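You will see two complexes here that share chain A, one where it goes with chain B and one where it goes with chain C.
Entry: the complex of A and B
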């Protein structure tokens, strides 16, 4: 493997991607080579800007990255893109398959297109922005991540969501926030239905401030925090009570 | 003197026995199902229903104490760059920090390390105690993903994707509020004191095709270094084993219904899943049908108690066994020295299974700072190591008697069964006959 793999297209285009210090073409090199090269980076590395070409729906693109670098993925990806990201700023210039950014620790992920199921599942930190729509179970079991979806999200989103913030500029599907713990959900559009123990809550000034900060971080303009409704846990199912059994 | 007809002896129902009656009364009084720890307590066909034949004219034995009988096993050689090498084929099963106290987890790590074997995290993440004291640590990847992070994934020696467990195939974890201390709450990202119900399904994959992609992700994150296990409850062992192999597992773990849990419904433990003995041959058969027996290793757990159980499991084609309940007993669980305190809890030593309540007199299944002091991790770790040593010596004794210079050379032909049920499940002849129920059309 050359020290700086360049694709044929890249060589022909000359400096078309001159901002990237390293270009990785998945049509010429394997997924394993890409991820291992990313894992070999150490603090202070000069290779801070990466570009991945021809992902063509590959699974596990740029997983387990733990350095504060930027990665631009030119095309759509399969499952678990940017899984367990810890500090990198990863942009997918296309759509993402299931589980994008699962268990993210820190950093940011931006999906220019749509995202499939389980986007941001179990994420613990960082920011996941989906500029299109997200499918079902967006933010499932989230544990501290912030997720901003420009479009709509599917059913069972934020299921058992423990912590963090889910912001939806469009609509939410059925059973939003089922069995939710302490995560906060902000939805601007219509909510098809709420899941067990999830209720609408008052938007107090601190929530407006929090939400505005998230919208700013996600680069959302022309939308006011006051346009959103807040949803969260009624906390009625936190300790088992037989009289609540019908809620499940 | 008047003649009185002789009375009949008062007769209790076999169907409505004392335990059943007490459970009906308890349910009627409380309106909630019974929750408890441990595995199935009902009588089941088990390893006790099998016997070794030993040596005879056609098979000659090895000299006890003099001729070598190998006990080592390598796990994860299929894909992992760094397979695990264990000195004994007995590992410590996954048990969470949260359900167990910190000192108990440390003791498991110490005992396993002294014995040259591995221990396993649980549904609560990896603690410093167990990482620090475990030479070989298997990191469980569970539906809840509590405490899950890439750093711990990379400092584990193997990764076990948990699909299910024998005590409750299809059920998630349960940790009631009284055990959610500050530290447990922080590790699980949950409010203190709530009843915590772990998910029963993984949040980001369903089915064998997704599992294959999930395993690929875990391998990519860890640079293909770590063995990846897939653990299933004893539900459909043939198909679950075959699908785990297809999904790319290095090791398949099958946990029968005697395998313990920290807490779930009694009705679940006793009525869902198959006995360990019934799971082994189908799992082995799946590996053989795929040409993967001994290439993908098989670990079986659920009710392993002594060296004879180890030897029998290995003779049926298993590569290693795993112990959980027995390891806790070695640490001091259900010890009669605490009988007065067990009585105060309405139970007796040997029957205590309310592990979810966090009041364990032995200090093992608790987060109570005072109770957990009763576990000395060094002494308890030594007891576990002693116990593992005895089990290993027992298994070697049997293997040598069968003429085997390795525990892994034991074979089904060394066994007979004492009951038709065990003969059918284990696929070995009923003692005194050449009849294997279900074989050759009979």
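Entry: the complex of A and C
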């Protein structure tokens, strides 16, 4: 029988319930021990709540988790945290280095601080929430993931983004959505510049509804979906334009 | 890869610990580059003394009797403090050029790592731990410093290919990244009278800064120039007499993180480098913006 994921309320009280969670102190155990213990979990395991202490910028914390457990990481992490996550609810109570949530399949990742470059890169599903700022290349080549950033995002974000939704409550840097396919980008603040083939699009009722759902899912309050602008593909790069033949 | 660090102290009480703190930061990034490591430490400048850090492949031969011979050659008092393969030569500020010239004749194998009133530069092949141990960096006092651990990509693993590279009096540079137009820029700089010790790309960046400043630019302007004239990937950290500066190329794929408290400003290629600093849990931690020059000065 599959383990029941904890409700959001239970997750928020995770620290208070720490006697029930398995605590893993990275100042006493190696990263490999942690990740192997997480990989050994099977459906129906009772070890559904984990807490990781003293990450101190370690790389690859909680990569490749494929069970619906909760993991609270107490502190800041380095490269590739929670990569390939498939079903876990992972919260980093600090900031994350490059490549957080790379290629996530499902589940959720919440970063309480900032995230460095290429957060959520190539993600195929699930929800990545960054409560601070994300730097360059956020959501690069995203393929179905939903990303919600409370702050700003850096340059070249959503480059070649294929599907999924990127929601930014703050501003976006240069060349947003360059060579974008069918991902939807919602930005509340200003966009420094749009990349090739990325254009502003009309916010229709179905987009307001979709965006409101994402904001609710990410726990964003006090912000209306109508405050955002939508950006997406002009679809001009999809086919070769014969007028450009001379350039080749 | 490569790992770079910088630490600028605001709190004078930490100055005796600068060497230990900077060493810890650099050692934590050892797996970003195992080939060579180096550190530049800035002590308080007194105004009446200059230091020249030199390196020799045969320190026993080259440093023996050097103080007396050099003093005689330049007609000024000279002190020589030997640390393994390096030595710090102290003399009066007006005699630095004369001392450089005299060294070429007295000790042709000696290489000058850097010179100025405040800076000492130590660099060698090997892991950061071995390098800081060899030169006793942990015991050093200072106001600020920068460091580098190298994963070689562009040129040979040698002492002279290690960072920091001197860019002028009390100035030096460390680099994470690789430059793709360094051969062309080197040719242009040679035509303008610059000389080079290695095939290294970072040495070109250092010489570029020296050259621009020789043409009247200040360090900030010279760093701005790197954004248009150097092609490739770079995060540069430069040490100056009074502080340090940071600049990243516009693509900014080489990592960088900074932290500031009332006691210090710190730079690291990764957050790991900052985790042992005092009060880091409550520090303001951020990623420096691309194509933006940052400076902290006393």
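As a working rule, the second predicted complex is superposed on the first by the 222 of 248 C-alpha atoms of A that agree within 3 Å, B and C clash if a C-alpha of one lies under 4 Å from a C-alpha of the other, contacts with A are read in each partner's own complex, and residues count from 1 in each chain.
The rule is simple: a contact is a pair of C-beta atoms (placed from the backbone, for glycine too) under 8 Å apart; a residue touches a chain by one contact, two chains touch by 3 or more.
Since this is a predicted model, take the numbers as computed values, not measurements.
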Which partner chains sit in contact with A:178 here, chain B, chain C, both or neither? Use first/second/both/neither. neither
Between chain B (first) and chain C (second), which does A:116 come into contact with in this model arrangement: first, second, both, or neither? second
For A:78, decide between first (touching chain B), second (touching chain C), both and neither. both
Which partner, once the models are overlaid, touches more of chain A's residues, chain C or chain B? B
May I ask you to decide whether A:239 touches chain B, chain C, both, or neither, giving the answer as first, second, both or neither? first
Quick check on the superposed pair: does A:146 touch chain B, chain C, both, or neither? Answer first, second, both or neither. neither
Regarding the shared-chain residue A:197, is it in contact with chain B (first), chain C (second), both, or neither? neither
When the two structures are overlaid on chain A, which partner does A:136 contact: first (chain B), second (chain C), both, or neither? second
Could you say whether A:98 touches chain B, chain C, both of them, or neither, answering first, second, both or neither? both
Shared chain A contacts, counted only where both chain B and chain C touch the same residue: 78-79, 98, 117
Give the list of chain A residues in touch with chain B in this complex. 31-32, 35-36, 39, 59-60, 63-64, 66, 78-80, 83-84, 86, 98-99, 102-103, 105, 117-118, 121-122, 124, 137, 140-141, 143-144, 159-160, 162-163, 179, 181-182, 238-240, 242
Can you check the complex and tell me which residues of chain B touch chain A? 30-32, 144-145, 148-150, 153-154, 176-177, 188-191, 193-195, 197, 199, 203-205, 210, 213-214, 216-217, 220-224
Help me check something: in the complex, which residues belonging to chain C touch chain A? 250, 252-253, 255, 257, 270-275, 285-287, 290
For the complex, give me every residue of chain A touching chain C. 56-58, 76-79, 95, 97-98, 113-114, 116-117, 135-136, 154-155
